[in-house]
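Chain IDs A, B, C and D follow the sequence of writing; residue 1 opens each chain.
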Amino acid sequence: MPETMKAIIKPSSGPGLEMAQVPIPSPAPDEVLVKVRAASICGTDLHIFNWDPWAAGRLKPPLIVGHEVCGEVVGRGANVTSPEVGEFVSLESHVICNTCSYCRTGQGHLCENSRLIGVDRDGGFAEYIAIAAQNAWPNPHDLPLEIAVLQENFGNAVHTAFAADLRAKKVLITGCGPVGLMTLAVARAIGARAVYATDISRYRLDFAEKMGADLALHAKDDPVVERIMDATDNEGVDVLLEMSGAPSAIDQGFRVLKPGGEAMLLGVAPGPFEFDWSQHLVFKAAKVHGISGRRLWQTWYQARGLIRSGAVDLSPMVTHHFRFEEFEQAFQQMASGESGKVMLTP
Amino acid sequence: MPETMKAIIKPSSGPGLEMAQVPIPSPAPDEVLVKVRAASICGTDLHIFNWDPWAAGRLKPPLIVGHEVCGEVVGRGANVTSPEVGEFVSLESHVICNTCSYCRTGQGHLCENSRLIGVDRDGGFAEYIAIAAQNAWPNPHDLPLEIAVLQENFGNAVHTAFAADLRAKKVLITGCGPVGLMTLAVARAIGARAVYATDISRYRLDFAEKMGADLALHAKDDPVVERIMDATDNEGVDVLLEMSGAPSAIDQGFRVLKPGGEAMLLGVAPGPFEFDWSQHLVFKAAKVHGISGRRLWQTWYQARGLIRSGAVDLSPMVTHHFRFEEFEQAFQQMASGESGKVMLTP
Amino acid sequence: MPETMKAIIKPSSGPGLEMAQVPIPSPAPDEVLVKVRAASICGTDLHIFNWDPWAAGRLKPPLIVGHEVCGEVVGRGANVTSPEVGEFVSLESHVICNTCSYCRTGQGHLCENSRLIGVDRDGGFAEYIAIAAQNAWPNPHDLPLEIAVLQENFGNAVHTAFAADLRAKKVLITGCGPVGLMTLAVARAIGARAVYATDISRYRLDFAEKMGADLALHAKDDPVVERIMDATDNEGVDVLLEMSGAPSAIDQGFRVLKPGGEAMLLGVAPGPFEFDWSQHLVFKAAKVHGISGRRLWQTWYQARGLIRSGAVDLSPMVTHHFRFEEFEQAFQQMASGESGKVMLTP
Amino acid sequence: MPETMKAIIKPSSGPGLEMAQVPIPSPAPDEVLVKVRAASICGTDLHIFNWDPWAAGRLKPPLIVGHEVCGEVVGRGANVTSPEVGEFVSLESHVICNTCSYCRTGQGHLCENSRLIGVDRDGGFAEYIAIAAQNAWPNPHDLPLEIAVLQENFGNAVHTAFAADLRAKKVLITGCGPVGLMTLAVARAIGARAVYATDISRYRLDFAEKMGADLALHAKDDPVVERIMDATDNEGVDVLLEMSGAPSAIDQGFRVLKPGGEAMLLGVAPGPFEFDWSQHLVFKAAKVHGISGRRLWQTWYQARGLIRSGAVDLSPMVTHHFRFEEFEQAFQQMASGESGKVMLTP
């Protein structure tokens, strides 16, 4: 085994990333060493690339970035009994403590000591990564790389869609980035009556139609509220799945939400904004749930079930492939908005 | 308008039914008069035909039988504002009081004054039926008769399947009569990972495979417990949907139910039987819900959603058609176990 | 029986109310006539008195005001079978249609044709009121007037507190008007571990302590966030019951809400305001429910249970009594913030 | 530190227990060593004493018995960071694996590798016990021994009562052994409207009244069904908490359960028995949950909340105190049915 590996790192505070040769990590007693086979780029990675205020406030460079990763277990710490060396695994990106009150009550996604790989500690845009054994989720050996690499991000979609009751319901998805699109596929798979989608990118609206949207509307150019009220016989939607974080999309979403409706919120707004609290929440008796990460580990079991049964087909989701060395192009493609998921291989 | 109509009636206590000419009913102020376009035969109707102890204890002949009915609104009582004359409707078979504590708390399916048409009062195997306006559920005019007539019975399937969380779960359906088969279709439509089915009729097991069962096992000839434990990697099923009422099937179902699993019980056993309470319920921490009728009226909204979105295709369900005059043959067909639903037309 | 009665009315658009002699209403077929024994003043009534923009936009004078009412059934329409003449009843203030999709699915509190007495039609600050029989909730004959008159408003408290799971939880109530105070009593009765309260009135904070608050903090003068984090070992509260509608209180409430916590929102803000969506809802994975009215009729059954078992003691709540003729003083007292509930008698 | 300690052990297959001098255990890396301050006797311990078929089939003597234990942390394995040496702890009796699918989805009480102390491995009727650190639940130093020792068993009561919604509900508890009595106290604390109790011991019925039962009925001598239907205005109870495992009590309980009611089942029946499935479960649309152990670790947080807030007062529960050396008398007292909890001290 070599002693160093290539990795995409944030070398120091400021925009940009670079390829570097760094030491291969050793697994701690409860960790496995994973040889990375593929990774994919998340919106969060763009924030890190651009070094926006959030990134500047949270990251402590130098740091290997990347948190959507799959690979092969090639080493194990002394306490690890599972998974086996040789297993093909996808990684949960949040390393949790198992001892805080959240972890002890089935709410690991809210762990107060949670550390996100590629953000709070070294990540997986590298040839190897050492990570807690419990974060390495075994896949069938023949699962395509393009599906295996998506499971972390797919988990956000599953968590969001499963937090509401979509069965026989009319659903609006605001924001058709990759998570929004995967959420759309989940909504269809679990019996939504109709799924409407909005975005401000024509590319993504076309993609939404391909993934099964009944209606894909441009959030600025189409009269969204009118079109959705029409499509729903003036009743509005039963469920809003908010994946954009855009205040205007949030307002549109709540305008068409039925009284008593449910709204699941995954999209992150850049800061506080003005919101019509009384009309949209109180009088409407809305049920609103913020969605954070994946439920550990229910979401992984649910995601596995949807993929293995064939209920959800994620094969259209990875639209672009790059080598680690081409990461600049990969990030550009992702930033253009003209892509599904962008995959990187070592 | 004529003054009398043909109807299939239980003329007096004892086995059998007969065709008779009876007065056309007048709608009360809150009722509509429905010209029947189609009806279908339920297992309950067989009990009535055969005059079993249940039927003998409950029915007060003479009585028009039949409770699965669709038709056209041709008259309305003074207080009725909806549905309109001319609308094509399916009928909810339970006429409820709207005033008891169950009705007042969204539990109309448990109404303490509930009256079932064709059992507690005149039913719908007739040219006309008068029924509370709220029991007449409007359909699109182009909904096929074979679908419209099924909605009452389909509602049992929807109620059963929606009472559990089937998303990405492994499910066992014990009993593949028409309701079991429709439940299977619903389970698939709302994201079950796998659906296994058992019955003692080869015809019905073939039907179950056609409706999408991953595994259709003969409850007596196949080693059901072993086969299902194998199919589930020795984990068992997450959910049991019990549609048979057979003590042996119930025992098999609970043997393969996972700890913490859910069991929805629609099947009616003929009497008390021996059950392994501690193993099957207590130690297993099972969550068991008895299912009665349809939730009024959520189930109807849910059923509508599944049908209109195309998520559930009921078109294979009606396998035999008869005229009212041929009711003896129709009941024979139903009794043979070699049918899906059997439809009657005036 | 006389033909006219005294009533407190909004004679025409503009501030103020007046006493008038008006015709005694006749009950429609589904209505009862209730001889009012007591009424109480709601915050909504102050808005109507003051003729604020909300009132100006919604009321169509002339109109009898008042919606918190109890009295005796003295007449019944032709279709009414319950309650009996002579029964002592409290009134649900929302007259609902029973036919819209909300009413038909156990969500009568969201009825799309709901009409609020004293706002959308004549109310109960009068000697008599005619109202749908289902809105007249029978009380024991010996229930004190001061309790009977509170049940509508108490229902808001019960609905709010029951919408969350307060058992063994730490709870913050923001806003100690009468509903907030009654919610506090309910929270204690159903097993909250600790109840903290905030307001900007010293009178109300003292009242909150009398009703069982573990900590009653001045929302402006006390360092609320620090005090509550201290009191909760820096964990924050499990549940926020927001009864104030004040943006600053809402912000304080969400600052101390634990990740994964629940927030029930009854307080109405005067308009849109800036809110930290991502921090307070998304990252925190908050579960937020808008609360509207009372669940019809579950809330009434629940309120009855709490009162009859003695779990909640409402006897301190009515602090002031006035005759209809003294309504100006009564409204002044209510407006001062130095009162619990203010009761009016004919 | 000495090398041996006294312990109450099952020396070999067969009835009875004996005091023995055995080695003091050493904590493994994830374990703490606890110096036992008090223990209490569970019904399970009686089965072990008597060596009934269940005990004979499960225990592998020699074994230290006892699983209700509190004490002081006096040593820690290498990996333990919490609790601290010197802390006063109560012990969760089930040692779980943290890695099976149940543990990984917040269902540790269903862990497939769960080992019960005093049954599957050495227990706590001894001067010392080594146990996984996560099983040692810190108490305030001034918590009375009589409360601290009860927490494991109290957790069964909390789990049972919290599994249903008891707020403003009428509740029947069948079986007034110690867990039933503590469940009664919890039901009162979380807002039950009325609590009825049945047992076949006058001592326990008196105890139930002392703990707040509205009605305490002898299951054989009193006409239970009639009395409870009377007490509930012929409506029946909303919730059944079944703590007896007696087929006749179970039948009584379901006879008086309202349609749509909830039944929580903790009591273990000695074997299969005849049950009226259709009447009691299906037609009644009952919601039945088997209760197993405590939810790990939610139940412990909930129990802590109820005790610290004073909502539940467990001080009457321990009725008898013995030294380890007097264990024969202690077991006799427990077997007599004339006790609350029986406590043992080293």
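Just so it is clear, contacts are C-beta pairs under 8 Å (C-beta built on N, C-alpha and C of every residue); 3 or more make two chains touch, one makes a residue touch a chain.
Bear in mind the structure is a predicted one, so any value in this text is a computation, not a measurement.
Identification of common neighbours of subunit B and subunit C yields A, D. When the contact pairs of B-C are matched by residue number against A-D, B-D or A-B, more than half turn up again in A-D.
We define each chain's centre as the mean of its Cα atoms; on that basis subunit C and subunit D are separated by 41 Å. Here the CA centre of subunit A is 42 Å from the CA centre of subunit C. Annotation for subunit D: residues 101, 107, 301 touch two or more other chains.
Within the complex formed with subunit B, the residues of subunit A that make contact are 162, 167-169, 189-194, 301-306, 308-309, 311. Residues 81-82, 98-99, 101, 104-107, 134, 296-298, 301 of subunit B touch subunit C in their complex. Against subunit A, the residues of subunit C that register as touching in their complex are 101-102, 107, 109-110, 112, 235, 245, 247, 250, 259-260, 265-278, 281-292.
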